[in-house]
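Chain naming follows the written order as A, B, C, D, E and F, and within any one chain the residues start at number 1.
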């Protein structure tokens, strides 16, 4: 059985679902991961309109595409964050409201509960998203960071997300956290701390996206081996480090695509992320879900890139052997 | 002429100046960089007490120590920062006040002006410190960061520090900005942007501390060559990268000295910072100031470390040649 | 003239020759290297049955496949080895007998002589195989290894293989030794010592398999340059080093395909072996034989892999130029 | 709009233009860069024969090939060089004459002026070539090199090429200097010095060929960022470093293709030159010209190589995006 | 409190204890680790002669040297090994006997029980040694190694050493296993397997010797972090990798000191072993025992080396801090 | 026996021999290598003045310094070189004469013969120097270099130096050629070619100076192993590579000490040259001569550097062992 390769719709959310599905099918994808924004999956409508799930399914079915995962990267970010003007620009007005930070966080929390319910209605078993963090910016260590302030940040995360996960449990849906700098967990050590803070709840796992580890100079396959049983979903996105002693790993407040950055996202297969070793590791730890292409490259046309990515991954998603290659080393007479 | 090697008093601010000076002299330092906190230089007293400067000078003179640089790392950090509980713990009560952020920032700004005056009273020509930044935490790029928000951050910096630098100009003192992650400038590109924002004022230069570049994977000597004429002062502090694919360059919310961190400060000569190449580069760009040891190592006794550091740097601060080694390649007859 | 690309049958010895030949031809191979075990080449039958050679040739001819090389990796290993239960599992009962070590070694030796004769009967000019070694396990140096014990091991090898090579000379067939850890030679220095021990006999050369050098951290193309005139045959097998400070180059007693190993065999084109540089070097030293794919990958289906490998090598087996690219740099008028 | 990919005719100058054009078109090239030697562009004839330009254009048009660049690598080399027997072998007899060095240099200079005129006649806007250098061999530093001797070399270059560039300006044609060891500029620092020597004339820019930087261990994309606005043309040629501690970067007086060299030219896509990063950098600095394949590989048939190279570059010459991938991150309701 | 630095007597066992102790004291060592061979600690005599322990202690006391660790590297090796002529040369005749392998192993086992008793008599709490292994030579994977054969090897180890450890428990002494290639455990994974096989008995821990990890390309400090609580003792020995593509990591059957080897032992401070990072890690995991210099360098005089090593380690065994360096960052007023 | 450490006088040739000898002795050197220029060894005078040798010896003896090696780096360079203004500046007027190239070369050749005689008179057994080369500048490969032109260069070298070596043989003195870029041999391959050209004469060997290999990215210890029996003398000079992608290995026509260079000479112990591995290799190949410090560092005072260098090398010139460290691994009873 070959691995399923899906396309995340987030970077195509300006297209109608129909248009997006037609393209994805045409490029050869097996399924999609639908974003809960733009023209795509509308969570409030999913809850209030009993026919909506079927309408969306019909579109995907017509294109021959599966979908078991939906994504809420925008709203979920606001659950624990210190809120500022960047959030206003990506949140729906009903979540932003008057922008008072705690109000925004509380409304985002409620919407995440609704998203769990929407996933269930739609027949998806996994919601992908972020957590936000009230303490990420402490990482640089100055002013000195007393241990209790870090503890407070994890407690804040645990309190807010425990309430959300109660809803996920109620609807039988899992949350796949995309760990990255900016979130409550961004590497093995902080992710473990987050898991511990939340008591190791089975409904809280990971959306493995290697690029966020890559620019931290972390070993992506080692991460897969360590967290194998907590990986609920995988994003295939690529990144390229351009560290030459002049370009900081912190990206110098420069936008994606600027060559002054020390690293950047690039189309799958155009970067340094060791996909073959990652996929072999996913095989080894028993991950059976899809490889979902999240397409981000500031120097390439998105349609050219998405079309090319599926073929690249297809070549690496080879079949497992049925027997050891040394099994025929014996000589009958 | 050998290079002057001085000791920064910030990590010894619990000792009286007398005690600190006696130790520094005993270890072999030529002078000190006095911190404006703890038991050391008191800025308000310097302004209100005409005899204070002489008292402090007398202590240093008795120990045979020079001092042309004072440091204000704690208060200066608050000038542009988003203020939180970490600042409360390092700021004097008179600056913290009720903790309302803009009030804290404004009082910190006034204190920096006073620090310029205090430097002049004391006979120091340079104040070392930070700038703070209202936008550093945007570096990770999520939620998406519109260009104008970054612009706003530099404008905020420029407005606040222009007022402070007016005071520095008035008193004939220079501000040496210690660029590092957390500040308005933290690598060559963001430092240039800060210089541009402030109009290239001659009283605003750099306190070069290689460790802050080190964990960003930047080339420290290249930085010296690029910013040679803007280096007002140099901190000799060492750092060790422990990047092994499991430890993030972002340090995982772990305190100094924890082996889970991807990097750490260590005593001068115990890390990876290429001091010989840095000092050769400082020679080449004409830097004539002291090398000031800022001692930070969470696994070593500070007195053992400070005593050892001066000898290490002394060996690298060798004399320049008076002629080329090839100048005697000629054969008279 | 393009380079011939062949497929080694050892890992497919559970298939009948017909089935194997049909697949190899279908995947695009030019020929095969037949294993002397499993369903493939039967040495005793080749000697006793005058029609057998023709039958096998007919099968290959029908599939359009050449075959000038046969392989005896299982029996040859027993010639010099300390015999244990591992040998029992791969040797034919007639060689194993009662398992008494010296008896096993002697019977293996006789079979190797027969294999030379079988090759001649079949019309193959080269037999590929191992040597075994009574001293390989001394490599780690403890208990201390007196020089004479190592000498004894090479003498033992020379005595046994000289007798075998007499038979090879008699039948006009060459033996291509696949040097690897476990054998009397496993790197340039030990291979030279083996050549010296055996007096540099022209019928004893190498089956170059880069993977065995790879995990010893050796430079494969340098090896080709050094032993160019002794390379009788080439195995194209790939390997991937996974050395990350946690995984030993010695593979930790873990089976192939286990991610805890510090290295592993992988399908050709999926590892780190520098095939282009190797093939360019083989061109340069004048190697004119086939590139024989030995397929070993514990994480990939063998048929998918073998089918893909031939195309990968085909792209690297490009034609040599007929003239220098700078030969048209001249201007007539 | 896709990037134009052209083929340089220099390595095919033994073929007639017709034959060369037919092959280039067949392999999929968009255009050609014609060499001013061999069977290709004849400068004297272009000046004396008013119909010659049309004849050549007709041949290219028939093959569907564009041509805006012509090349004069042979004659241009002689302008500043110390002349020796190597020059005799590549120069037309009318330039070589009696071989007296200054006479050769002067005649080469005149021919370069004619080449500018020929380019204009033919409708090409750029001439590619070298400069030669009277001082390159001083690079090794022994006997000691007084600064004024280096100055003299740049002055000599400036005097000779200023006269040539007057002709280029007159005919509205640009000269694209292919900087490499052997020329007046061979890295960023010496190129800047050459630009300065010649007063930054706008008609004197660069033909960027990454291989010449490669074996000097220079960062090719960094070079593109630094000289972006001075790049008039790009040669795509590949190189492979074989530095293993035994092979010198200086190539040991060995011919191309010899494995003892520390580096060598290889067919595009078979070396270490980071073409994707280079092309992304060329996009970023706004280079809009063609990628011209200069085919040099001493171990590969030129036709196989040239046919393969165009496809390799085509895959990297992807379209730029019309909008940021994060532009659809917003949720309407 | 400074770390204790001791000298292992094994490489000086041709000297009398008196002579050895005098030298060790003179070079500045704090104590010794006595070898149970040569002129040094005699196990049978310790058991039969009630005054022997006091005599030895008196010699050490006179020299001002402590001793809490004794070593049995020779006999312990024979417990699980396949016995051959190498063992004969290092075993006492009473253990070797007639050389019949199982008899040798059994007598070695008994002697190890006696060694535990001798340690108790002498007042040492730790015995350092090896385990031997019946399966180490399987590591290269050929002939194919069925999983059950590896299991058998661990079971054999567990059976033999459980009996020995019963004696250790009886006498209240610990066994510190020096894991290295050749033993039942030689890297993290095989050591864990050995610990598991033996049921995690508290009296079986490690003698950490980084050199054995070094040539396997393992990360020594990572090992310390992983096995911190199982490290009973530490050997400071250094090694130098000479991997240049021509020299195998397997050492090519060459003796120590031969430059053809891919690695070699060298005097402490002359190799690549990261001692500072190791010692910082030992501090962090709470290891409080001595650093015991095991001196091995085939190119240096042993007395020059041992004398130099203690000073090298002394400089790295610095005191821990009593408070964080940031603890004085606060400004009273 | 410790290794002798000497100081080359070339960089101190402006001092009188007395002054130089006094300093060298004071810094701790065992002997000197005298330059045949400046204030030091005068070859014509050595030949015409029978008392001169004794006078010089007396000065050295008074200082307790040995001298068995003299150096002629300036004149020897002219023997094969294309002569230009750089030579004029370092040659004595009697050699330069009217500057006509062949005349200069011939007079340099005669002086080298006299230098052999002067060495014999003085009691030195070795003359160190260069060869020059008429073809070094061909190394960059453009214009194309026909093989016969390279052959011509080696033949020219062989002709001129054969005549010189006849004189060396006559006087029983050896010539130690300092191979470096600019000479007829500059790496292993070109040196072998030079040896072959000159018929492997025993009086022509090497002055091993690792810095010249260093910037070619060659493995210095590998070179020692390869040419062990041809090393007549060793220069200890250090170098530092500063290759960062912006600085060429070819040094950009910049003078020593300029930070824009890709490499530079530095004082011994301040660069990257692996002296310990080199000295261990010299021990292994049986080199018994002195280590001669050639001091060159454009950023350090020469006296500080020369004083420091002897101590650095002294620490690496340790004694060889008298027995293997494993020789006491045996247990008597």
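Just so we're on the same page, contacts are C-beta pairs under 8 Å (C-beta built on N, C-alpha and C of every residue); 3 or more make two chains touch, one makes a residue touch a chain.
This one's a predicted model, so the numbers in the text were calculated from it and none came from an experiment.
Taking each chain's centre as the mean of its CA atoms, B is the chain most distant from subunit C.
Rotating subunit A by 120 degrees superposes its CA atoms on those of subunit D, with the angle stated to the nearest 5. Among the other chains, the CA centroid farthest from that of subunit A is the one of F. Counting the residue numbers that touch the partner chain, subunit E and subunit F have less than half of them in common. Here the spacing of subunit B and subunit D, counted between their Cα centres, is 48 Å.
One inter-chain figure worth recording: subunit A and subunit B are separated by 40 Å, centre to centre, where each centre is the mean of the chain's CA atoms. The multi-chain contact residues of subunit C, meaning those touching 2 or more other chains, are 74, 89-90, 143-144, 219, 222, 244-246, 255-256, 326, 329.
For subunit E in complex with subunit B, the touching residues are 219, 221-222, 225, 276-277, 280-281, 283-284, 318-322, 324-333. Of all the residues in subunit E, the ones that touch subunit C in their complex are 74, 77, 82, 85-87, 89-90, 130, 135-147, 149-150, 180-182, 186-190, 193, 216-219, 222, 243-256, 260, 262.
Across the interface of their complex, subunit D is touched by residues 143-144, 326, 329 of subunit B. Partner subunit F is touched in their complex by these residues of subunit E: 10-14, 36-38, 42, 44, 73-75, 89-94, 240, 242, 244, 246, 255-257, 259, 265, 270, 295-302, 304-305.
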